[in-house]
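Below is a structure I'd like to ask you about.
A, B, C and D are the chain letters, set down in written order, and residue numbers restart from 1 in every chain.
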Amino acid sequence: MTRVLLTGFEPFGGERVNPSWEAVQQVAAAPPDGLTVRIARLSCVFGTALDELRAAVGATAPDLVLCVGQAGGRSGLSVERVAVNVDDAAIADNAGEAPVDRPVVAGGPVAYFAALPVKACVAAARAAGVPASVSQTAGTYLCNHVFYGLMHLIATERPALRGGFVHIPYEPGQVLGRDAPSLPVELAATGLRAVLTAAAGRTGDIALAGGALH
Amino acid sequence: MTRVLLTGFEPFGGERVNPSWEAVQQVAAAPPDGLTVRIARLSCVFGTALDELRAAVGATAPDLVLCVGQAGGRSGLSVERVAVNVDDAAIADNAGEAPVDRPVVAGGPVAYFAALPVKACVAAARAAGVPASVSQTAGTYLCNHVFYGLMHLIATERPALRGGFVHIPYEPGQVLGRDAPSLPVELAATGLRAVLTAAAGRTGDIALAGGALH
Amino acid sequence: MTRVLLTGFEPFGGERVNPSWEAVQQVAAAPPDGLTVRIARLSCVFGTALDELRAAVGATAPDLVLCVGQAGGRSGLSVERVAVNVDDAAIADNAGEAPVDRPVVAGGPVAYFAALPVKACVAAARAAGVPASVSQTAGTYLCNHVFYGLMHLIATERPALRGGFVHIPYEPGQVLGRDAPSLPVELAATGLRAVLTAAAGRTGDIALAGGALH
Amino acid sequence: MTRVLLTGFEPFGGERVNPSWEAVQQVAAAPPDGLTVRIARLSCVFGTALDELRAAVGATAPDLVLCVGQAGGRSGLSVERVAVNVDDAAIADNAGEAPVDRPVVAGGPVAYFAALPVKACVAAARAAGVPASVSQTAGTYLCNHVFYGLMHLIATERPALRGGFVHIPYEPGQVLGRDAPSLPVELAATGLRAVLTAAAGRTGDIALAGGALH
């Protein structure tokens, strides 16, 4: 059995739910074959979120960590390719802080690639009927913060651990009267299960074009 | 019992499914309380689609007709406000025709408003958990063609009939590798049931801002 | 000489300029050959704007009226095809009013087509180097209000008059820190001159596909 | 005098012009005070573009290098924050190659930050009347390839050199009949002059929020 830690976030930005936390609960309730899935809910607070992630990794001793966050405005699952060492907050976090151009980890490298077969994860989600793509940026807010923190933890303390980050769209209830794409939580959970199975089953990636012109 | 005719379209534009036809089949299989729902599948062919609509109206003697079509790129259900007397095809229809600036009905009025409580329909879909909005244009392709034809039929031959048009987004399977919004067919069907119930239950509309700045 | 009345709007929605008024002033300062251009600035107030338009038509006795407005978010000039008999304000006008689903003219027809060779106007703007397209909706706010009022005036009182409506994008200064398309006022003015010349020179239109799928 | 090397690209993707090359020619023809500007045109070919960049740096011995590329679909200038060590081509380059998930420099670090005061550059462009923002990704095509190659050259061979990358939108002539944002070349050149002046005049950056939520 591969031990998986799956994280979601608390709501932020005035939303009442965060689909990432809803989706990871569904995955834990019905995990993919061959995986044991533990979950943790992270605060939308710079610093605190990384403390919580580190504690959850310590408590669950996972083989694979997948952090999940909400990307309002995106249409499908996006598997993040690269975590960047910068916090630059367009809105305040849930503790009222809005760092500008501050490193996630002082002295850390500029960026880390995900320790996931990113293209295989995208292909697996699509094969499960869920729109998915590679993303070239996880932004500079809490999602990138946690993603970078995870990759730095792997690089500096837990070399056998693998992991990465997936963004999911709003769920329909968040956009009833707004013109923004959505994806039901059930479908996001289906996609996450496919991603986990793909990530647990291989280390090398597949050759699948997934780049962006700019 | 209110008798409803619900129409969807065959696939077009290189797609293998048309979510409008999938959704109306689901509504017919589990209709809302108090409504009997008959369905018809319209060709994506100028002229032919209107012949088929007229035949279906004749065969089912409905109290209410709701025509449904695919609006690739939209995020939620959109209840159309106005049908315009013009065919202007950006791509060829399924018979290879692409009329430019031709009236749907020669000598017909410039436009008809939907004979639906448009705002109440939008509010009902939202209350059922489905993203929805008013749309100010149904385009100038098959959807507007059928919508105008329906309203002209009502205006000239069937004054007791009520009806209108709803656009629905792509379903997820159409956009697995594309960056475009989608809505599962089940959710579209839920929204259509809410729209039908709202439309069957009232003639006057509610006051709900739903306009566009441009 | 063809006598042209060209109108722009005052700023609204928190903006400090309205590019429509800036652009029409530039056109008047350097009108196209063969045209005399008079301009009027309309209030962003339901009702008042139509009174001002009627007064300007009376004062200038034009052969052609082109009303111009700002369409924030659009990328190029859009020549409007159809004016609809509804006011439905998403935001309050400059007098604080926000009508919902009120006719522009009680008892008026549902819609009017522009009395312009719409496709020829689009082609002329493009030939002058200005991005342009046909628009299927002028919205339900002040722009549509004025457009419908103009067409109703033509239909009921001034059958020899021709006219229509063109939307233009934000100018760059409005979007310095926003992710929205813009078009410099000089380029919008160049496009408007091309539109006026095309509209003054012909009554029949050209065959050019310019429709929308939805 | 600060010596500047400014690069643009040849056309690609079926376009007949590349606004980046047009704009850098205009900057060189009328450079900002205190700067001497030399320009080079890079091929849209993986590998070759970096050879050309290296040769141009060798020939011009610049203090500052700014590479400029076209970002079709963006609305304003975007000053890139980070270059990533990956080539992943969504379309073939001008030599017919389309690498997938290949490093720009084998064994190079995952990413480099721009050696530019990114926020000051954005502020300067806005102050000059040009829409501008920070971008969190330069994509994975030729622009990122050249950006990464430049930063690697600086890091490994030319520590005194500073530099970075700016994306500019389509110019209007490229989108006459397309719904995509554009910016006239003159305005892009104005923005580039402001960026160069800001970059030449300071090393530390200003505190200006410019991040992305995802």
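Observations on the model:
The definition used in the following text is that a contact is a pair of C-beta atoms (placed from the backbone, for glycine too) under 8 Å apart; a residue touches a chain by one contact, two chains touch by 3 or more.
Everything numeric in this text was worked out from a predicted model, so none of it was measured.
With contact taken as defined at the outset, there is no chain that touches chain C as well as chain D. Where the sister copies chain B and chain C meet, the same residue numbers recur on both sides for over half of the interface positions.
Relative to chain C, the chain whose mean Cα position lies farthest away is A.
In terms of their C-alpha centroids, the spacing between chain B and chain C amounts to 30 Å.
Averaging C-alpha coordinates per chain places the centre of chain A 47 Å away from that of chain C. Residues of chain C found to touch two or more other chains are absent. Interface of chain D with chain A (complex): residues 13, 69-74, 81-82, 84, 86-91, 98, 100-101, 109-113, 119, 134, 136-141, 143, 167, 205, 207-214. Of all residues in chain D, only 75-76, 126, 129-133, 172-173, 175-184, 187 touch chain C in the complex they form.
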